[in-house]
Amino acid sequence: MMKLRLLRVRNALVRECMAEFLGTFVLLLFGCSAAAQVKTSRETKGQFLSVNMAFSVGVMSAMYLTKGITGAHLNPAVTLSFCVLGRVPWRKLMPYSLSQVLGAYVASGLVYLVYYDAIMEFSEGVLTVYGPNETASIFATYPTEHLTLGRSFLDQVVGTGMLLLCILCLDEKRNSPAPSELTPPIVATIVLGISMSMSGNCGAAINPARDLGPRLFSLTAGWGTEVFTCYNYWFWVPVVAPPIGGVLGCLMYLVFIHWQLPGPDPPEDTSTLSTISDKIKQPSSTWENEVELKCAHL
Amino acid sequence: MMKLRLLRVRNALVRECMAEFLGTFVLLLFGCSAAAQVKTSRETKGQFLSVNMAFSVGVMSAMYLTKGITGAHLNPAVTLSFCVLGRVPWRKLMPYSLSQVLGAYVASGLVYLVYYDAIMEFSEGVLTVYGPNETASIFATYPTEHLTLGRSFLDQVVGTGMLLLCILCLDEKRNSPAPSELTPPIVATIVLGISMSMSGNCGAAINPARDLGPRLFSLTAGWGTEVFTCYNYWFWVPVVAPPIGGVLGCLMYLVFIHWQLPGPDPPEDTSTLSTISDKIKQPSSTWENEVELKCAHL
Amino acid sequence: MMKLRLLRVRNALVRECMAEFLGTFVLLLFGCSAAAQVKTSRETKGQFLSVNMAFSVGVMSAMYLTKGITGAHLNPAVTLSFCVLGRVPWRKLMPYSLSQVLGAYVASGLVYLVYYDAIMEFSEGVLTVYGPNETASIFATYPTEHLTLGRSFLDQVVGTGMLLLCILCLDEKRNSPAPSELTPPIVATIVLGISMSMSGNCGAAINPARDLGPRLFSLTAGWGTEVFTCYNYWFWVPVVAPPIGGVLGCLMYLVFIHWQLPGPDPPEDTSTLSTISDKIKQPSSTWENEVELKCAHL
Amino acid sequence: MMKLRLLRVRNALVRECMAEFLGTFVLLLFGCSAAAQVKTSRETKGQFLSVNMAFSVGVMSAMYLTKGITGAHLNPAVTLSFCVLGRVPWRKLMPYSLSQVLGAYVASGLVYLVYYDAIMEFSEGVLTVYGPNETASIFATYPTEHLTLGRSFLDQVVGTGMLLLCILCLDEKRNSPAPSELTPPIVATIVLGISMSMSGNCGAAINPARDLGPRLFSLTAGWGTEVFTCYNYWFWVPVVAPPIGGVLGCLMYLVFIHWQLPGPDPPEDTSTLSTISDKIKQPSSTWENEVELKCAHL
């Protein structure tokens, strides 16, 4: 073991970025593979619901893999929201986000390799964004035809807001918390609910990494610049709207629930979601204290 | 934090009504969004089952958000049943119920905003209650064509009775209780079961707020008075029948299970479902005692 | 409360029979309602899978209602198996079984009342066992056309054997038990698995009460004697085969798992599944001891 | 009991092989029965998703039956991976694997017996591997038509790698473990995710026993040598690729997660997954120590 310990990365941030990379990789490998399976089998080996369910299983697995290391954000909108709430230091926002995008990119590449034959047969070798044989939607999300820009922006804000609103309560001991060891399947169920109800307009990305990583991959893999230019450069919506939605969801949670709970908050509140590295480096700062500081600046 | 604490609402009842508002909002946002997604995509992005499942996820999320504050009724029929059982004081019945209806109304409005383009395209701009392009059923429930009034009333009584019968046992320590931290997914599963089996006749509202709130919204949003007058003013059935069914379900539970359990009941029985504010204000009254008092009046 | 305690049934066996009646009633109300919903909506409001899922939710709910009182058999084949294993005294076999059949009968009646309009419209008023408009399969199970008698017998033996084999291990502390408070959803999942995989031949009754009760109801409600005479008096198969299968499943469990676990068994083994009345009346006899006695007679 | 104890097999390895046999038998009985039900009913009694779900329920049930005895491998690729990790001694690899293949073979035989009439009717008595009436896919997996050999090999490597990557973290106390009593449903959910997303190419065997056992059965039962020779002797892919994928998945887990966790590892780490016989025979060796030894040889 002495020898293997040499493989341990000394920099805590790098270790955490590796975890976020792996987690987002797992999430997208499940999700995009299911999209490829359903699309290329022309819905004979699954349907819309099974893609939603596969993303949900991906969330669960990725959380069990990484929750103890980073808190399992898997989503820049979640990382940003946790920065705003003071749960995560701001300096981690960019490294985490880039790791998440990279994980999604690499997962898309692997899905492409695994389903290459099926994609080629389905698309007859022409990789397009439009039409009955389009395959770009295996990777990134695209809006329906008559959706206006503002509507799709609102859609992403509402979906991500619901995500944050619903997951923030799960570890609040003063309310009715979920069992800490079972938050992965419960968060996965919430994500399943969102993708069954709010993916009608534009696919419920609610996650810049989940959308941008695969879109970048499909750009490089042969779908061309259309993956970015189509629908009047729509690609920026699932990148920009989710972080805004996430913060609004947090605010809604604070106003309706968190600030209404009886106080003062016990100091052990912070321990459930805090990560190993946080415990080591920030033993004296509790979440509540940081919320206090950060939110006072809002 | 001192400053943020100023945002805390001083009146406990208002805080609880905020929670019931938010919980019912979340429940309906999941459920009606799914109905809109399935309807406007002509079942290509989900089917009947996925609407049932989305309502179920909504129940779970709403319960985790509010169970520690109010007990997560989310339904006037549940609030009334708990009043009858003595678990909740009668003075809370109307405030809770109005908050629930308001939450359902606001959620419907947000669903309408998010799915406005899709609804307009599907309905070709004509918001109707009847016909193949009807969209009113995204919001409120409607009966099938040949259903008699009495039958639909019975349907709602039975559905709500099953709900109360099945959830009342979940926190009974003398029987085989569910884990307190996992009642939200278990209640959600029961609601899923009811909506898979008892929604054939008239949509399994089993909740006056879930039906009246969205119906009021669709009245104000352009579907016209037909949402109330159609099917011979059928709208009152899911408002009036569920509370009756809820109380009958409680009675069935008491007769077949509760009164048959060994006694005397330990005094800590009351703690599982009691809410924070109840604990503060009514430390000396246990549920059993209240059941005793109230039920003796039946 | 003193007054209400008068409503408590003094005879423990009657109390237990009330619980088995109610549990089987709940199981069948979920299951047959779902069958009615799917059938009469011509699969527009659910499909084969949703009937399976509704039966599964019924198992979960019925178990939470009655597990602390009787152990939640809900099935004469389970009661018989537990008698053979020594977990339940033989004198309870007939009272439990009759209560279960009666619960299934009454639930069928309520399903008929709730779905009367829909059944009449679907069947055009002719209640038949055969043909595209048949509605008898809402209640009892029927074999597929080319199934031989022996095959359907084997089918019911295997299905019920799998049920017992898979549930007997769930409370064995020397192996890897399920959490005692979560056995209801886990058993429900096993039943879902069986009904998704072993209902192709003849509907996976695997429960004499689940089949005979509804069949008796459909006899009395207007489907005529054909419900018993059809397919060459096939009705006896789901009555006779499941108890045999249940006992064989127990034997398989004992040979492959139970007798191979390390001993001697700790005396607290008995407490998980034992019921309240058993605890009162038989404090000195453990399951292991009874297994010893009974199995020695095999 | 004294007498029955005589039925206890004295050799611990034989007892473990009996458990692996039974577990794989249960897994395949659920899975292949569901495949037979869906296939022979022409998707009227289930669909692709319900086969995936039935395999998942099979995983859960088989794990509860055998986790305390062998750790519930049910898959030679898992056994090999655990040998490489040092969790299981190498001498158990072949006995376990053969037991698993045998369990799968016997389960296939029972499925054939139960669904014989249905298979004969569906296939019109001609048991074939190709064409619209083929029934070989009820038992073993087969690739889609245009899939290249290398692609299918990659597919099996990736699928099995994901399985190991996602399950290895579930009992790691230094990360965010799943509740030990609930790993069976969680692993079942992971397997469901894999079969919904990575079965598009060649059926997601990810398990040599799950594929070879049923293939051997279909050879002996009348489908002929084509089950082995078809698709250019493709049968070896799901036998050879999964073990490679499993080991690569372990390596990925070690590099990205395990070696990055804080150390030194507490000595009680080993207790969660270790089996009864291991506890008796190897009380002084912890998993960590063995990982150390074995992995140092990689």
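Things to note:
Note that the chains take the letters A, B, C and D in the order they are written out, and that residue 1 is the start of every chain.
The rule we apply is simple: a contact is a pair of C-beta atoms (placed from the backbone, for glycine too) under 8 Å apart; a residue touches a chain by one contact, two chains touch by 3 or more.
For reference, the UniProt names are A, B, C, D = Aquaporin-3.
Just so it is clear, the model here is predicted, and its values are computed rather than measured.
Within the contact network of the assembly, the step distance from chain A to chain D comes to 1. Under the touch definition stated at the top, chain A and chain C share these contacting partners: B, D.
Shared numbers divided by all numbers used gives the overlap of an interface; between chain B and chain C this overlap falls below half, so the copies present different residues.
With centres defined by CA atoms alone, the chain at the far end from chain B is D.
A turn of 90° superposes the CA atoms of chain C on those of chain D, with the angle given to the nearest 5. Separation between the centroids of chain A and chain B, computed from CA atoms only, is 30 Å.
Centre-to-centre spacing of chain B and chain D amounts to 42 Å, using the average Cα coordinate of each chain. Counting partners per residue, chain C has 49, 179, 182 as the residues that reach two or more other chains. Pairwise, the chains that touch each other are A-B, A-D, B-C, C-D.
Every residue of chain A that touches chain D in the complex is listed here, in rising order: 1, 3-5, 7-9, 15, 18-19, 21-22, 26, 29-31, 33-34, 36-38, 40-41, 44-47, 49-50, 53-54, 57-58, 60-61, 63-69, 72, 110, 113-118, 121, 179, 181-182, 184-185, 276, 280. Interface of chain C with chain D (complex): residues 48-49, 52, 144, 146-148, 151, 154-155, 158, 162, 165-166, 169-170, 172, 174-179, 182, 186, 189-190, 192-194, 196-201, 252, 255-257, 259-263, 288-289, 291-292, 295-296.
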